[in-house]
């Protein structure tokens, strides 16, 4: 069943990361995002990625991480393909080989490496955060930061509803297939989608009445069942992170982001292999996903 | 329920709790929409139908909130890299919401134009994200179209925009009319203030969409071959 | 019950209540009058469309505050008019449980679900913990605090919805067909919890329900609605013995009562008041029709 | 029993992709025109079992034959001509703008001609008393009517076998009686009906045979009277027979030497003065 992969990414545990305050982790994620987006050396980004992978391994979340990362693969393969033939660099580009209408460039291979490593690293770090943070704590933190209660409530409810509505959708698809509905194509669209929405509307009506009966939107001060406290460790880590970030940005600034696109020369066969590999990978993944959805 | 319409004189107050319940449901439905899209193997996304429904009934900004929450939800349960696309979802909501407010829903033709506007602005927001962050890839079948344009000698962002707008037009026209069908099933309290055309047969809509998209695609190909030549 | 009622003030007083939905042509409730005393267990019977849900929703002000339509008459809860007190304030006095348990649950954990109402009321953290513990114990869900509500069975989910309402310490619990979507075990679980709340905690219970056998066993009073009108209001033994009225309305009486009624019509000698529960029936019918 | 077997399961096992085993070695043969009640608690495997009868699920091991078709080798589309599955919640299948279009959907999908479709819709509307609602939006109908439209939309496809999942859930007594009457009408038309239900009064009234599932296994198969009389079996599955049956058992009332299933039978039993030993 494909609703398995939709269960929240949170992995319960007691690792170092699990115990940190969400605020600390959010600052880390933002810091990592900024840093990685300004580094232009694939090797440094790769090193960063290795560190993240070690942390993921250490917090016992690797299995969930791998499954989530799979969803990124089609975009990564597409990215490699496009970058090799049309790099995100100002011209002139150095051609390495020619395949049909496509010219493969050295800068292309370079930027394919940088961009894909960047996305994977940021995604990995963000996943590490999500996998080790109980969603309820995330919302409590959001409220601590002044995000209105209603917003965090809506996000919680959304997360809760997604797997439920997916299940509902599966029932509806079976109900319509029992009436010999086509398995694919636009003719099956309304029979599949209208019942999901119509059912959801009844759900909204009853949910709003329930909320009203639970005093939702009362004027008084609200309290929270999840108690979160910033520890000394959290404060220390946040201060250290800010100092480290200042240092990193200073280094990045004086080194112009460690751009090594002119120094790194890739052999033509490597470019060809990477290029063809991305095409095979792209289609392979699409076929794999299509098959998984069918089952 | 009886068929006789009680004329609703003034626009009723929609309870806050109703909004607070409707938005998460719409956000979840956006995601379900994309799963149905995949299950039926359609060449679209269908990931903004919930947003469209909220934007049309509650207004553009509530729609935008639904869009934002959708992407936060996806980020938490699936993958965080989709977060930047919250922007597209919000832009779509704004165009839909204001469009309906500015009486773009009154006739079939106007609604068609509104859907194309939505498609255009969503593409305009999405393409920079795709090009700058994802190197031009979308991870969707549309990438093959992009690749074709690149092979025809177009620059990457032109290719991405061209292929994206084709998918986007198809997607938004169909989403608009599916949303219209859904509004028919909504309680009257929510839809009584809207000036909307009657639901159209989806088959007609699909044929019209196909016509528009094939037309634009042909135009693009001619343009690109001429420029290249 | 009736003896003590005279001394007490009614907790619910419905006076001349009528309601017409904005989208309907006919009134859903017509001139309803009744009172409920603290600690009573009142069942509302009627076909679908008879006005049961409308009546339930009127008891905490959802009607007319959240639903458009025309209302006449008054509905007083502990002397407060439901027109005037916002539903969210009334929540402290009236707890609501609806028919679909899944639609009432929004939080990620069982604990969070019960806490939702308490958070909204601004109950301090320590007291919240005590109340949650107590509520989950009453409905028999202790130990499942960290579970996702969606992993529970239907009966457990509905008991959780009851716990969430109960933790707000309402004096009245209103339930609109709470067992419709449950299997037999789930139904039994819910009825047991309700009985416990009523008998042990003295909570006033108003329940719309189809299961006449259960009503016959637990309820102190039965109200029958038909097309928006209140037809009967009395103790179950009396109401269910009026088999003619009940079947005229398209409802049914417990099978054992119907059995006795049919025998009586055929001239069998049976007690004036027919049994309405199985235990009672076994006692009273043991000699029926036998040659001894 | 031996002739005209319409559904046959041989050593049917089903394990969900999640690893949960929902059926373990079910052997079953259902003859034409039988009205079979399928009972058991939620999670006992009853829904999983009946979903095999129109191809919605395929056996993990073992075989299922519906009208001689091995369901492994046929698509749902093909099997659904013979076996129609009515889902519990009508909201899960209604989508069209009018009841008429709703009824046309199934027949059109299995490739009936325009005239045939019109004829089937007319018959279905007539059978279920839906003529006056044909042009209504199904979402504007009351829940019981929607439930009727749900059954009618399958009837329009003219299957020989009906699988009804909880046909009386959410219905009041009067509506539940109407469903019982419809089931009897289906039987009169010579169709085979499977009823998955917790409504023991419905089972007692309509079924010629009851099968009991417990813990993914078939543990009981007999007439309603035999099943309800088997205390051990019922205790295991936590199901209770209709009140009148329990009362008759307690006071030893008998009808033709058997415990009465309905109030009618019980009254008749008293009139005849029949008693157990």
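Note that the chains take the letters A, B, C and D in the order they are written out, and that residue 1 is the start of every chain.
What we mean here is this: a contact is a pair of C-beta atoms (placed from the backbone, for glycine too) under 8 Å apart; a residue touches a chain by one contact, two chains touch by 3 or more.
Here the structure is a predicted model, which is why all the values come from computation and not from measurement.
Novice: State the pair of chains with the top count of C-beta pairs in contact.
Specialist: Chains A-B share more contact pairs than any other pair.
Novice: Rounded to the nearest whole Å, what is the centre-to-centre distance of chain C and chain D, using the mean of the C-alpha atoms as each centre?
Specialist: Centre separation, chain C to chain D: 30 Å.
Novice: Report the inter-centroid distance (CA atoms only) between chain B and chain D in whole Å.
Specialist: Here the centre of chain D sits 42 Å away from the centre of chain B.
Novice: Roughly how many whole angstrom separate the Cα centroids of chain A and chain B?
Specialist: The mean C-alpha positions of chain A and chain B differ by 22 Å.
Novice: Using mean C-alpha positions as chain centres, tell me how far chain A is from chain C in Å, no decimals.
Specialist: Inter-chain centre distance comes to 47 Å.
Novice: Spell out, as numbers or ranges, the residues of chain A touching 2 or more other chains.
Specialist: Residues 135, 153, 157, 159-160, 164, 168, 190, 193-194, 198, 202-203, 207-209, 211-212, 216-217 of chain A each touch two or more of the other chains.
Novice: Out of chain C, which residues touch more than one other chain, so two or more?
Specialist: Expected reply: 66, 106.
Novice: Give the residues of chain D touching no fewer than two other chains, as numbers and ranges.
Specialist: 139, 142
Novice: Which category does the touching pattern between chains fall into here: line, ring, star, complete, or other?
Specialist: It is complete, because no pair of chains fails to touch.
Novice: Enumerate the contact residues on chain D facing chain B in the complex.
Specialist: 97, 136-137, 139-142
Novice: For chain A, which residues are in contact with chain D within the complex?
Specialist: For this pair, the touching residues of chain A are 1, 4, 168, 171-172, 174-182, 190-191, 193-195, 198-199, 202, 295.
Novice: Where on chain D is chain C touching in the complex?
Specialist: Its residues touching chain C are 41-43, 142-144, 169-175, 198, 238-240, 242-244, 246-247, 250-251, 253, 263, 266-267, 269-271, 273, 275.
Novice: Which of the residues in chain B come into contact with chain C in the complex?
Specialist: Chain B residues touching chain C: 1-2, 4-6, 8, 12, 15, 17-18, 24, 188-189.
Novice: Across the complex, what residues on chain A touch chain B?
Specialist: Residue positions touching the partner: 2, 5-9, 68-69, 71-83, 85-86, 88, 100-102, 111-112, 115-116, 119, 122-123, 126-127, 130, 135, 138, 150-151, 153-155, 157-162, 164-166, 168-169, 173, 183-190, 192-194, 196-198, 200-201, 203-205, 207-209, 211-212, 216-217, 282, 286, 289-290, 293.
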